[in-house]
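Here come two complexes built around subunit A, the first alongside subunit B, the second alongside subunit C.
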Partner chain A sequence: MFTGLMLNTWITATAVAVIAGVTGFFAVLRGSSFAAHAIPNGAFAGAAGASLLGLNPFAGLAAFSVAGALGIAGLGRRARHDVATALTFVMMLGLGALFVSWSTEYAQQAYSLLFGEVFGVAADEVLPIVALGAASIAAIAVMFRPLMLSSALPEVAEARGVSARRMELAFLLVMALATSMTVPVVGALLMFSLMIGPAAAARSVTARPLAAIGLAVGIALVTVWTGIVASYQTNWPLGFFVGVLGGVFFLFGRAYGAGRRRMAVRTAAA
Partner chain B sequence: MLKYLFEPGFFSSGPVHTAVGVGAVVAITSAVVGVFTVTRGQSFAGHSLSDIATTGGSAAFLAGVNQFWGYLAFGAGAAAFMEMTGVQRRRGRDVATGVVLGSALGLAALFLYLGTLRSSTTGASFTILFGSVFVLTPSTVPALIASALLALAVALLLARMLLLSSLSPDIAAARGVPVRAVGAAYLMALGVSVALSAMVIGAVLSTALLIGPAATALRVTKGPVRAVAVAAAIGVAATWLGIVLAYDSYYWPPARHGWPVSFFVVTLIVGGYLLTYAHPRWRRPARRDEPDPEHACSPA
Partner chain C sequence: MAELLRLDGVGVRLGGREILRDVSFTIAPGEFTGLIGPNGAGKTTLLRVILGLQPVATGAMLLNGSVGYVPQKLAIEPDTPLRVRDVVGLGLDGHKLGIRLPSRARRERVNEMLTAVGAQRYANARIGELSGGEQQRVMIAHALIARPRLLLLDEPLANLDIASVGGIVSVLARLARAEGTAVLISAHDMNPLVPVMDTIVYVASGRAAVGSTDQVVQPEVLSRLYGQHVDVLRVHGRILVVAAEETGAVPADAEHVTAAG
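Now for the complex of A and B:
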């Protein structure tokens, strides 16, 4: 279970969980779950286009995820955010449908892009993923304070000269960066589940940002590791375990948060 | 002129007739429900429900039940679940939707995997996602129309209360509108209509028809009634034009087996939306923190 190819799986999955935990915290805080769903899912159209042109699929994924981030941020300036995301997303998928219909033999690859091939990670894929993960976490660390401020208190941030629009674009680009490398390995579906479930659970347990980020990363790691073991034993897809565990952790987090609030009310009353 | 627009055989083809009829029904229902969806800021829920409904489709496939029931059960069930996990509050809405969607997609992965174990249908995930109006089974058409009418009836019955509670939940509550119950009923209607349209035209096109025409209409009109009418017209026009183009594209390069309908319809819808930015009168920027969309859509 810890040899050869499986070792690659463990390293990659750990890196992906850390990236997902950190970016997911901000996605949940900013209310960008829809973008977190749309960018990885829509980027798969880019891989289809790249394979049509005979390019490296990573190039297509990167191009489409960045285009998606720009589209969401650009349209979102004038329209409502969820509408901008929905329209960018359907446009990307529409193009994806076109590319796939041209290339005919792509359907099988589409499945693996949506649901991932985490057990078939090649050795030369591990380093780029870890490097990219480090880069996106470094980017978030650099803009941590303004990003935090503009996510939690947009008006105060604007007053202090932090442009909400620019922060939105920067965050979406980091998400696109994190996405383009991880999607072929873990799948668009898994990336989304890992970003939202653990971060949402962490947020309902603690309100302090650093603690919540740490907790989100921790939950994401536990989710992925449990998922890998379970998937290795049962042969069922990893995406299933990660998706369901994310939901379970969220419910636990909500129950814990609600319980603690009730306790606080009781102590205040006593 | 017309000869160049419509390839020979367009008007005598059976699948085209069904596609044109069903496409119009779905486009109108989506547009009406979509105006409320956009006003309430629930695009993400609208899209998620269509994705989740497709999970129901693969579950039904596994269980050997008619897919129709799978779509319907998962669409309505997911709507109820979202309602319970807090979709009614603006702040928690997006996360609750995301968590429900994530879990459902996990289930989809499992069902599709188990499905491929049983039969070698690797293309299933693809068809489920993208669908096609040209390969409808005629037996689902009456059920589709019935569910479309149901969703339309709910949306129209609740229209006034829905608009008021979308624009200002506090005023609505003060006036005695059961905000939560109205929201729940509406979400169920959304679940049913989206599930059925996802089954017929695929999850992508279902989202496009729900959000695109409604968002465009809300930009160019004032007042909900006109917005609904314009949205329905845009939706039907885009769908029909998309079908015509897809039919024409049969001999187009490079593959020579037709371009997908969803590509044409999505492009037309998004293109139409972008056009509203070109006209100076419609180019008023919307502030994101306003409770209402582009133009105030006041309850008339």
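Now for the complex of A and C:
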């Protein structure tokens, strides 16, 4: 379970969980869960287009996730955030449907882009994913404070010269960067669950921002590692285990948060 | 002159409509100014001009120092993982790129600000779980920690209970005097501010009247401003601006009572 191909699986899954935990924290903080869904899922159209043209699917994924980020940020200047995301998403899905219909042997590849091929990671895929993960985390570290300020207190941030529009664009581009490498490995649906579930659970548990990021990464790691073992043993898809574990952690976090609040009320009353 | 802020004949148009016309006033260091006017008068718009977020159609704005800003209301969810002390810390350097390492000096400065606004009791609480008055105190600490020369506050007293209003006004007055920070605070009810205001900027019908409370809150001055006859009543130490006819120009809320008939 820890040799050869499986070692690649463990390394990439770990990198993906770290990326997902960090970017997911900000996606939930900013209320951008829908964009976190739309960018990886819409990007698969790019892979479909690339394979149609005989290009590397990574190039297509990168082009479409960046185009998705630009589309959401650009339309978001004129429309509500969720509407802008939805419009961008359906445009990408529409193109994806067209590309798939033109191609004859694409169905199998589309399936793996949605659900991942985590057990078939090639050795030469490991390094780019780890490098890109490091790059997106470095980018988030550089813009950490303005991103935090702009996400939590957008009006104050604007008044201090931190443009909400520019922060939105920068954050979506980081998400696109992270997505384009991780989607072929874990799949678009898995990337989405790993971004949102752990981050949502973590913020119910701790009020400290850095601790919440650390906890989101921890939960994402436990989720994929447990998922890999369970999937290896049962032959059931990894996506199933990651989805279920995400839900379980979220409910745990909520119950913990509710319990904490009840304790606080009782302490205040005493 | 050593003035901090000067507005010279400022006019603002929004969506093809003239919102403000020929607004002129100055603020000196340490001065406490009330920006008073009914809802929709253009108070928030004027604050946005000073923050550089709203371009002017006419006139000019000259600002001679750093500005702190407390927005009208936070839109933040109760379970947002951000503690009161994190919010105050972001006031120090939240706009800067890169990572900062925690330091004792920084922690002490945050604690000092929390004590100054009376928020140390809930320093580790989530910002989203606090009441409106508590959030205002935290945002005042957030704005003041970087030691701005001018503090702008947009209706910090709206929707607060009487005790919180008194508490926040006295915190502001004390900090302004102690640190020499000039304060420009908007409100639709001038009454809680009358004891502490040096200057009043009264906006209505797109224009502004400027002076001391006694100079501006006069029937002739406000009638000219509103473009209709208004009376100024002083009842139980409170000032009420009352329109003779119900035209809608002078709003009929608790603070600007419209006489019936």
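Basically, the second predicted complex is superposed on the first by the 270 of 270 C-alpha atoms of A that agree within 3 Å, B and C clash if a C-alpha of one lies under 4 Å from a C-alpha of the other, contacts with A are read in each partner's own complex, and residues count from 1 in each chain.
The definition used in the following text is that a contact is a pair of C-beta atoms (placed from the backbone, for glycine too) under 8 Å apart; a residue touches a chain by one contact, two chains touch by 3 or more.
The structure presented is a predicted model; accordingly, all values stated were derived computationally and were not measured.
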Comparison of subunit B and subunit C by subunit A residues contacted: B
Touched partner set for A:Phe144, first subunit B, second subunit C, both or neither: second
Subunit B versus subunit C as contact partner of A:Leu153, first or second or both or neither: second
Partner chain(s) touched by A:Val162 [first = subunit B, second = subunit C, both, neither]: second
Which superposed partner A:Gly243 touches (first subunit B, second subunit C, both, neither): first
Footprint overlap on subunit A, where subunit B in one structure and subunit C in the other make contact: 203
Footprint of subunit B on subunit A - complex, ascending: 28, 31-34, 36-37, 76-83, 85-87, 89-91, 93-95, 97-98, 100-102, 104, 107-108, 110-111, 114-115, 154, 189, 192-193, 196-197, 200, 203, 236-244, 246-247, 250, 254
Residue ranges of subunit A touching subunit C (in the complex, touch as defined): 29, 141-146, 148-149, 152-153, 155-162, 202-204, 206-209, 211-212, 257
List of subunit C residues in touch with subunit A within their complex: 51, 53, 67, 69, 71, 74, 76, 79-83, 86-87, 90, 93-100, 124-127, 139, 142-143
Subunit B to subunit A touching residues, read off their complex: 38, 41-44, 46-48, 85, 91, 94-95, 97-110, 112-113, 122-123, 125-126, 129-130, 204-205, 207-208, 211-212, 215, 219, 254-255, 257-260, 262-263, 265-267, 269-270, 273, 277, 285-286, 288-289, 293-294
